[in-house]
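Following this message is one structure expressed as structure tokens.
Going by the order they are written in, the chains are A, B, C, D and E; count residues from 1 in each one.
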Amino acid sequence: MQTTTLITNWDFNGYWLLVMLALPLLSLGMNVAFSKNERLPILSSALLFASTFIALFLLYSTWNSSLKFNLNWFSIGSNSYTITLLVDRISGLMLFVVTFISALVHWFSVDYMRDDAGRNRYFALLGLFTFSMLGILVTSNLLIIFMFWELVGLSSYLLIGYWFNKESAAAASKKAFIVNRIGDIGFVIGLAIAWFNFQSFDLLVIQESLNSSLPGVTVNLISICGLMLFLGAMGKSAQFPLQVWLPDAMEGPTPVSALIHAATMVAAGVYLIIRVSFLLSSDALLVVAVTGAITAFMGAYAALFQNDIKKVLAFSTISQLGYMIIGVGVGASDAAFFHLLTHAFFKAGLFLGAGAIIYAIHKAYPSDDVDAQDMRNMGKLKSAMPVTFSAYLVFSLALIGIPFTSGFLSKESILLGSMHAASTQGGLYWLVAGLGFLSVILTSFYVVRMLALVFFGTRRNSNEKAIKESSVTFKIVLLTLAVGSIGFVWSYNPFSVDSSWILNSINLRKYAQTELPHLLTSVLSLICISVGAGVALLGHKRDRLVPKNRSAVIALSLNNWYLDDIYQFIIITPFKALTRFLKQIEIKVLDRVVHLMAVSTAVLSHVIGWLDRHIVDGFVSASVYVVGRTGILTKSIQGGKVQSYILLAILGLIIIIFLVI
Amino acid sequence: MNGALLSILIFLPILASAIVAFSPLSQKLTKYITLLVAGVQLLIAMGLYLNFSQTAGEYGMTSFSYVEKVKWFEFSLANYGKISADYFVGIDGLGLSMVLLSVLVMVIATISSWNITDRYKGYFALFLLLNGAIIGCFVALDFLLFYLFFEFMLLPMYFLIGLWGGPRREYASIKFFLYTLFGSILILIVLIALNISTIDPVKTAIEVDLIETADQYSEKVETQVHKMLNFGKISSTMHVHTFNLIYMTDPANLIPGSILDTEGTRMLLGLPLRLVAFLLIFIGFAIKIPVVPFHTWLPDAHVEAPTPISVILAGVLLKVGAYGLIRAGIFIFPDGLIHFSWWLGLLGVISIIYGAMNALASNDLKKLIAYSSVSHMGFVLLGISALSSEGFGGAIYQMVSHGVIAAGLFLIAGVLSDRTHDRLIENYSGLAQKMPKYTVMVVIFFFASMGLPGFSGFIAEIFVLIGSFISPLLPGWMMIVASIVLVLSAAYYLWTIQRMFYGPFYYRLSDDRTIFTDLTKREHLMFWPLVVIALLLGIFPHFLFDLINESVSQGIDLLSAQGLVNLKSIIK
Amino acid sequence: MMLELFIVSAFLFSIGLAIVITRKNAIFVLMGIELMLNASNINLIAMGGANGQGVFFGLFVIVIAAAEAAVGLALVLKIYHHYNTIELDKVNELKD
Amino acid sequence: MEELSQKLSALINDLGFLGAEYAVAATIILVLLFDLFLSNRRLSESIAVTGLLISIYLLVTSFSGPGSTKFLFQNMLLLSKAAVFWKIVVAVSALFCILLFISSNSKFRRSEALIFILALLLASNFLIMSSNLLMVYFCIETISISSYILAYFSFDKKGTEAALKYLLFGATSAAVMLYGLSLLFAITGTLDFTSQQFVDTLLATKALPLIIISILVLAGILFKIAAVPFHIWSPDVYTAAPTPIVALFSVVPKIAGIAILIKIVLALNLFGQSAINWPVMISTIALATITVGNFSALWQSNFKRMMAYSSIAQTGFLLAAVAAFSEVGLSSLSFYAIVFALANLAVFALIQFFEKSYQTVGMKDYSGLFKKEPIAGVLLLVALLSLTGLPPTAGFTGKFLIFGALWDSYSISENNWLLTLLIFGLLNTVVSLFYYLKVPYFMIFKEAEGSGKNSQILFGLENYLTALLVVAILLLFFRPDWLMGWINNINFAF
Amino acid sequence: MMSDWLIYFLGAIAILSACYVLFTSNLLFAAFALVLTFISIALLYLVMGAEFIAVTQIMIYVGGIIVLIIFGVMLTNKLGNEPPRSGSHNKFIAALVSVSMFGLLCFAIVQMNFSNDMIGGSLLQIKKIGQVLFTDYLILFELAGILLLIALIGASVIASKKDAA
């Protein structure tokens, strides 16, 4: 038997890479094995922090020379399949951000989930989730990416459905997984096309063969391959029209939402499309950009009038992911990547902040009659939770994209890219840019509305109780993230995207660095922001942020464009009808055919048996009937058996004679 | 010593069956004997695996190991020549993987049969008989021997379903029996035709005095025999007709002017006879696989069969069909495969989607799993018809993988019906609260079955999909349509989880909450090996691929070359 | 002349057949059978053949006819004993 | 006078070749005498068995001796290896039936029956050997008359009715055959159907009369082997007659009839130059017989009645082998006939056993009997599976050979009828499974109604006999070459 | 030519009396009509020159079988003033079958060519018949003995009073 040697060109960093991957898995294993241990969550957090340090170390050590090695996996026929592990600057950065945010979420959850009975299961799943996400990052092999991609789906399913006793959580988890799977169809098709064209899944090999433009590789097919992979990304990153799962995913514990929205799941899609963007032709890029723009706008619009704090954040995520996709679509992958990183910090912060608030309200009202997530039950929390408030403010501003925040830098670079694309290529790119800016207005409106509803104004809940900051852990985590959302961290000149060290260091498709759009973009976006914020503040003054009457515009926003209903109507209902129909086919047609065959066999046998015994009699009685009618013969004929036999035999003889003649 | 291993593998259970049937053993002793037999088989099979070498290539297309060849019978039949059959067993990678799968499933099924006390003697005797017959199918290299074991599986199965099954067991068992018998009759028709058309070059050489003993046989003699045969120099009384599956694959062994001769011009219903024969044999095995629309026996059989039998049925028996299709169908009629690949692929895709849709509409847990089997076995057909190494390898991988996973799935259904005797999904809710460990197992197997990476099903399905896309024969849309099953399988499994395990607990039929006990130690014992194997194969595919690679790559090369040649000569 | 004889025999044969089929009484049926045998005998004896084969055939046919009639009538008597009639349409206990 | 003495010396010479027949004839006389004067049943029975054993011994020695084809008694008989082979099969089957008869319920057990069984056997022996149309007719009638009497041997109302019906039906078909024979004789001018004259004159005959005459001639034989459309007598007779007699009917006349059918059809086929397409004709009859037999059997509730239809269907398979019109077909036919005889006799032996022990008649009466008689149940199952044609029973091998022969003939003649016969014949197997499994189904799956009677007999002679047969059935699957080696000694007339 | 007319005449009588058997309802009349048929057939044999067989015909059929039949009629009918009668059935279909049978037979007879092997009357002398019967047909003769024996025993077994309980 030929044996497969698993590992070749192995080096020191490789071990650390594996250790980093193994730590979350270790957390998973421990939590499964000792499912009653109350101390384990802390150990899990520690493991994740250790993993973060390793990631940091890897980032450092691979900054100048990327880490890459091959594992022989297996071979089918004469084709061998290898796993290529690759850590370059992009994945190194992502590794760090993912492990870091995951570690923070772990730590945050130690307190947040303290009273939950299934705590260990929760931490186990967090470990799995992190592991799967890291898996996507460390390889350049599409097949392996897809494997971890699916694992991410699984862990999100399990985490969203963490409180499985709740019907809504169960439904949401299912929805998330299935919608993701729709995207996965695209991914699989993309895989097939890639193998068909390149006989390799390794992105590096694919890129190389693309550059050397091998004969027989059809450009269109490659572009389709890219688009198919983009379909996969659309599922994971909640792009239109597959964004419906994300708002429902709020059914999971809030820290999980932080993880999903910031660092793991939705990031995976964007990361993938950034990685494979070289496959996309200009037409395909336009598709990507338009999808992103539509998503950005739809998400922002849907966030406008939500009352559930987590829903607002969820829709804002959709919108921001739309921006990232715009970035890829307009050819500014680096900007998209930049936004991915900054977004990870402030969105994690926002969710954890929201978690802290919810936790506090929940503490104050232990009975379930107060919806702890409804912003209408909040208000005036600025004084009650000052630390949370200040952190939350930073995150919010970053989300809007106010200067001095990380969000300003990254969003600016995307808008810049879109302006550039619009000005050079025109056409639909103008729509992309337009929607981008329009969404900025909407974003600033809903963020300001959220801030106003949560922290300012008056408490709208009737029986007022003392709400206070909960735990030190929460504060530390929030403040850490807040630091990460400040512009200086990402660029020494917080006004200039160009001076961002990230953008300068990563090797991705660059946006054009021209002066005019640069300034224009900044000014335009600032105007947009002020418009949105102004309207919101005006609304706050007049106390009309929670609209009393539901006009069509508001209803459209509240119901997320009625996407769920539309899908229910155009897909799910017909599909269910189809399955019912097929079931009927199965029972009524296929099985019935078999039954019919059985029955007809039975009937035939009866008929033959009957004919065998009675044909003559039957024939006789028939002729008697006829004859009796015509009155030629009287009824004198009755069944006489043995003679009927003889008659039948002779008749058979005559029939055979006629047959043979 | 190696020589007799396969025979031991076959006849040990048959012998044990006789012992169990005719001696007054207690239930406990009987089941331990059964387990012992399965265990010994597992050990032997592991030994076979560890010592397996693919270098020996003396038996044609793919190399076979552990070959035993003993003359079974040989008699002359008037002017027709001689008919000879051998007790000829041996395994290549494909056969070995199937043997490994079946002994594993047998062990699990034995453990699952632990609580059978009703007429236990008959049960275990039939069970062991079935065991032997299945192994026999996988190792037989003589078509008659294969057919013997193939048919021989029917009867124990019929009684096992009919006597120990659910309420509609009699209907299901007779349906199963008639359906599969119908299939095997079609196979028999082709089997007879093949026997008429094929000669054994070695024995014919002896017959025409080219050589004296089989040892003297060499390639030179072979060429000479073929040449003589081709020029009609061998009179028909000298022909030694054979059932040898390997000789049948070589068109040079076909008697010129015989029914299935590749040079023949015989047409039936507008098709060359060889293609008709392929269709017959295909339908015969398609019933066993089962392929839509020949599948309707499966849901009934599964729903009514006792759990261990469902496990064997899904885990191994369906694979016998697929294995037969490969070994006796496409290796012998590569021209048929190439000619009909579009239709085969289409049937595969239809099975995949149709099975999944029906699973989605099922409200009976076992029925759902049964339909998912239809869907998964559709991948096997799609992979085979692709005629690419990825597709073919994936198909074989799927056979093993589905064997492991479907076994687990039916055990899962069995756990529940053991406790409540009720499998209707809508009667349950929130089982996760009462039976958390069971729920974990359900989640594991459901996700494994829907092709989650890390489990064997993923590798199999992804490569079948890729293989069918890059196939030279199948259009790309088939793969795209087939990949819709990713969503469908997720939908029916997750919906089931949502309905049965999530949400608040209730059970519609009874207020007795004590019946919902979590998994026992014995049940853990049957689940975990399957989980481990599924994971192992999912993460380290080379364990299996290294085994079957030889069959796959040589098979594909020869099939496509030979098939095209044959096809050209039969369709002029 | 041969032809006419054969036509006569065919006629007799057909009448015999008609008797066998139509007449209810078992004895009638036996008569019909005898008639059919006789029809064949006409053929055989008319043909004669080398060494008189036809004649001998006819001879043995007569022997057989006698034996058959004996057994048949014995059975008819027994039927009459059991059923008190020999009308065949009433002798009908054997059904599926 | 010279001629006469020559003839006489030839006669005397020829007499020496009929040892086995003398043994049977002598046994008939002895049984008759002993029955008349001593009326000791046991004694008569042992005489019959001994006589048959001697006859079989003589046959076997002549079979293993140098086989040469020989005309006896002025071309009246043709003694060949094939004939001896069939005679052995028939004789052994008859011996088995007599043993069955001996162990049967004393109600039917009258030693006169032995005389008729032996007479039937004697006539079968001559029928197998005959090469003369008169001989054929005479033997068929002798078999028939013995059968009519034997059918009466349940001595009750139903038996009488069955016997009368049998007689009327049989006599009519014999008369039809006789008329056909007379016309055939008119054409050929000879009764010796192996002669050149026979062939030459028929070759000059037009197709239409030939068809009509041939089919008339076939009528009597089809009646004897119970093939469509002359099959209708058998269910009634099988239901009413005592089981050993039914076993006899289902095997001995059938095999003798098939043996002579082969001879006559081959003669009429005129080496393939006949104006009639015989393969088409025979395969039509075969297919009709298989189908009618199988489908009628499906809904029978009386086991013996079902077996009647089953043996009709089996006849169809035998005819299918004839339809192949090749030596291969005949070799296969020989194999199948033996296997059929084994399985059929085994089934009837078990029917008798169950009748005797549990008073079973209908299939429902077999409910739950598996628990009480597991061994007999298994034996029954194997025998029925052999009739179905499933491995690992010799029935499978037999079917395999027959359909192989059909394929082979198809590959030579490309006659689509043969292929139709092949495919539908095999598919009929599926149908047949349904009813063959019915009794085992009742035995195994159903619970006995009421308290359930218990057997008085623990393990009868029937069971030992059946066990022997079943072992043979299984053995012939695994070693078909043993029997085939035997069959290969035979040179079928081609 | 005399013999031709005789044949026509006798044939007509045979057919007519056979028809009477077919159509009459009176059993006894039928039996006597059958006698007439048999006798005319025997006379036909005579015309053909087969005296031996003609005599046999009269002896066995008229003297044996018909007597047997009449006994049968007597034994199975309560004799009184009413003559024993019996009806018929299946008339329509039987007519169809018989007529088509007759048609087919005529077809065959008309189209076939008769063999030339005719015999002269001299061959049918009693002595010659005896010789041939005991040489060429010896085995058949012996078999006929057995046949008659078993028919005899059979008839007695059947007719005996002994029945199964």
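Here is the rule we go by: a residue touches a chain if its C-beta (ideal position, glycine included) is under 8 Å from a C-beta of that chain, and two chains touch if they have at least 3 such contacts.
This structure is a prediction, so every number in the text was calculated from the model and none was measured.
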Those chains which touch subunit D and also touch subunit B: A
Busiest interface, counted in C-beta pairs: C-E
Farthest-lying chain, centroid of Cα atoms versus that of subunit A: E
Rounded Å distance, subunit A centre to subunit C centre (Cα mean): 93
Distance from the mean Cα position of subunit E to that of subunit B, given in whole angstrom: 69
Distance between chain centroids, defined by C-alpha means - subunit D, subunit E (Å): 31
Where subunit A and subunit E are represented by their mean Cα positions, the distance between them in whole Å: 99
Set of subunit A residues in contact with two or more other chains: 609, 613, 638, 640-643, 646-647, 650-651, 657
Residues of subunit E whose C-beta touches two or more other chains: 87-91, 93-94, 97, 101, 104-105, 109, 114-115, 117, 136-137, 140, 144, 147, 151, 154, 158
Multi-partner residues of subunit D (at least 2 other chains): 134, 138, 141, 145, 148-149, 152, 160, 163-165, 168, 172, 176, 179, 183, 185-186, 189-190, 208, 212
Chain-chain contacts as defined at top: A-B, A-C, A-D, A-E, B-D, C-D, C-E, D-E
Interface residues, subunit C side, partner subunit A - complex: 17, 20-22, 24, 29, 88-89, 91-92, 94-96
Residue ranges of subunit C in contact with subunit D within the complex: 2, 6, 9, 13, 16-17, 20, 26, 29-30, 33, 36-37, 39-41, 43-44, 46-47, 49-50, 53-54, 56-57, 60-61, 64, 67-68, 71-72, 75-76, 78-79, 82-83, 88, 91-94, 96
Residue ranges of subunit D touching subunit A (in the complex, touch as defined): 164-165, 168-169, 172-173, 176, 208, 211-212, 215-216, 219, 223, 228-230, 232-233, 276-277, 280-281, 284-285, 291-292, 294-299, 431
Subunit E - residues contacting subunit C, complex: 3-4, 7-8, 11, 14-15, 18-19, 21-22, 27, 30-31, 34, 37-38, 41, 44-45, 48, 50, 52-53, 56-57, 60-61, 64-65, 68-69, 71-73, 75-76, 86-91, 93-95, 97-99, 101-102, 105-106, 109-110, 114-115, 117-119, 123-124, 128-129, 132-133, 136-137, 140, 144, 147-148, 151-152, 154-156, 158-159
Subunit B residues within the subunit D interface of the complex: 72-80, 83, 147-148, 151-152, 154-155, 159, 162-163, 170, 174, 177-178, 181-182, 185, 188-189, 192-193, 195-196, 257-259, 266, 268
